[in-house]
Amino acid sequence: MPIIRVEMFTGRSEDQKRAIVRDLTDAFVQAAGGSPDSVHVVITDVDKGNWGAGGQLCSDKYPE
Amino acid sequence: MPIIRVEMFTGRSEDQKRAIVRDLTDAFVQAAGGSPDSVHVVITDVDKGNWGAGGQLCSDKYPE
Amino acid sequence: MPIIRVEMFTGRSEDQKRAIVRDLTDAFVQAAGGSPDSVHVVITDVDKGNWGAGGQLCSDKYPE
Amino acid sequence: MPIIRVEMFTGRSEDQKRAIVRDLTDAFVQAAGGSPDSVHVVITDVDKGNWGAGGQLCSDKYPE
Amino acid sequence: MPIIRVEMFTGRSEDQKRAIVRDLTDAFVQAAGGSPDSVHVVITDVDKGNWGAGGQLCSDKYPE
Amino acid sequence: MPIIRVEMFTGRSEDQKRAIVRDLTDAFVQAAGGSPDSVHVVITDVDKGNWGAGGQLCSDKYPE
């Protein structure tokens, strides 16, 4: 019944999200046991303009 | 001061959200006491392409 | 596959939590459709010393 | 390594978000110690149609 | 700067948590790119008495 | 109605938490407007054994 959430910068492709879901689920089950069927993964895409690090917006810190 | 969060697939109508807010608030107050005025409900719509179950993206598992 | 989270003050009984899980699940399914089997509810007990409202710790604002 | 999350109504400007990130980071470090470089701030913009208070959608309660 | 959160039943050992942190970090970087140094993993242990599934407390559904 | 959450290492004193609640609330209102009365702050104390950075448990990386 574990729930895994991932917050990351917007911009990953569908294929990368497919791999994130598959590989985090596998990694969790290997490390902690249980069945992959019970694992949920919820991805949140966060814009750089909504993420701050070190007191600065990431859209300022890491402009494209 | 309770905070209730709901993560669900994108696609519910405004009327369904209105009912979710009203009915979860009522249900909480009935079950746990307190005043409905202090209850917050925050809904997050999650695309099927951002939700994984059993190691698979829900957009692959449950295509429209 | 909806996930409902509840953050509330520490101190509810097991019976109240049982009712919260049952009644929020029922309320969600009535309002939004879907099957109760797919609904998860995760409760977080928050101490008044970890909750602030209006700039004050709730343990100061609402002493026992 | 602290993580600060802010959920607020959609509609704040980039300048307000810049100030939120800067000022919450400063306030945290002043109050709790540590280095600003390790503080993350993640902002979530929530539409009034996804936020309920007192059993009502905020889009009904506070129409524009 | 990705943040991974894991909510799971209370009871995993320190070694299992060490493996969860290491293996989820590796899996994320393989799937999505970036540097492992920027990945945070926050684990929340949830008691079965605070987790509901299908309208029932997990402490009732899966007694020890 | 903004909600601010703070996840930080376990170990801050009640006075530090009082200052976090007061100062983050003030900083938010200065930066984004609104009334301090509507601001909620929820603090989560996370043990170093539940926090990973760079693939390592913080309890291994930063032993007391």
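Going in written order, the chains are labelled A, B, C, D, E and F, and every chain counts its residues from 1.
We adopt the following convention: contacts are C-beta pairs under 8 Å (C-beta built on N, C-alpha and C of every residue); 3 or more make two chains touch, one makes a residue touch a chain.
Everything numeric here is computed off the predicted structure, so don't read it as measured data.
K.L.:
Can you list every chain that touches subunit A and also touches subunit C?
P.N.:
B, E
K.L.:
Using the touch definition from the top, how many steps at minimum link subunit A to subunit F?
P.N.:
Contact-graph shortest path, subunit A to subunit F, evaluates to 2.
K.L.:
Report the chain whose mean Cα position is at the greatest distance from that of subunit D.
P.N.:
The chain lying farthest from subunit D is E.
K.L.:
Between subunit E and subunit F, what is the separation of their C-alpha centroids in Å?
P.N.:
The answer is 20 Å.
K.L.:
Quick one: subunit B and subunit C, Cα centre-to-centre, how many Å?
P.N.:
13
K.L.:
Which subunit B residues sit where two or more other chains touch them?
P.N.:
If we look for residues of subunit B contacting two or more partner chains, we find 1, 3, 7, 20, 22, 24, 26, 40, 42, 51, 53.
K.L.:
Output every touching chain pair, sorted by label.
P.N.:
Those chain pairs which touch are A-B, A-C, A-D, A-E, B-C, B-D, B-F, C-E, C-F, D-E, D-F, E-F.
K.L.:
Tell me, which parts of subunit A touch subunit B in their complex?
P.N.:
Subunit A residues touching subunit B: 14, 17-18, 20-22, 24-26, 36-45.
K.L.:
Report the residues of subunit C in contact with subunit F in the complex, numbered from low to high.
P.N.:
Against subunit F, subunit C makes touches at 7, 46, 49-57, 59-60.
K.L.:
Mind pulling up the subunit D residues that touch subunit F in the complex?
P.N.:
Subunit D residues touching subunit F: 1-9, 12, 16, 19-20, 22-24, 26-28, 30-33, 51, 53, 58.
K.L.:
Under the touch definition given earlier, write down the residues of subunit A that touch subunit C in their complex.
P.N.:
So the residues of subunit A in touch with subunit C come to 1, 3, 40, 42.
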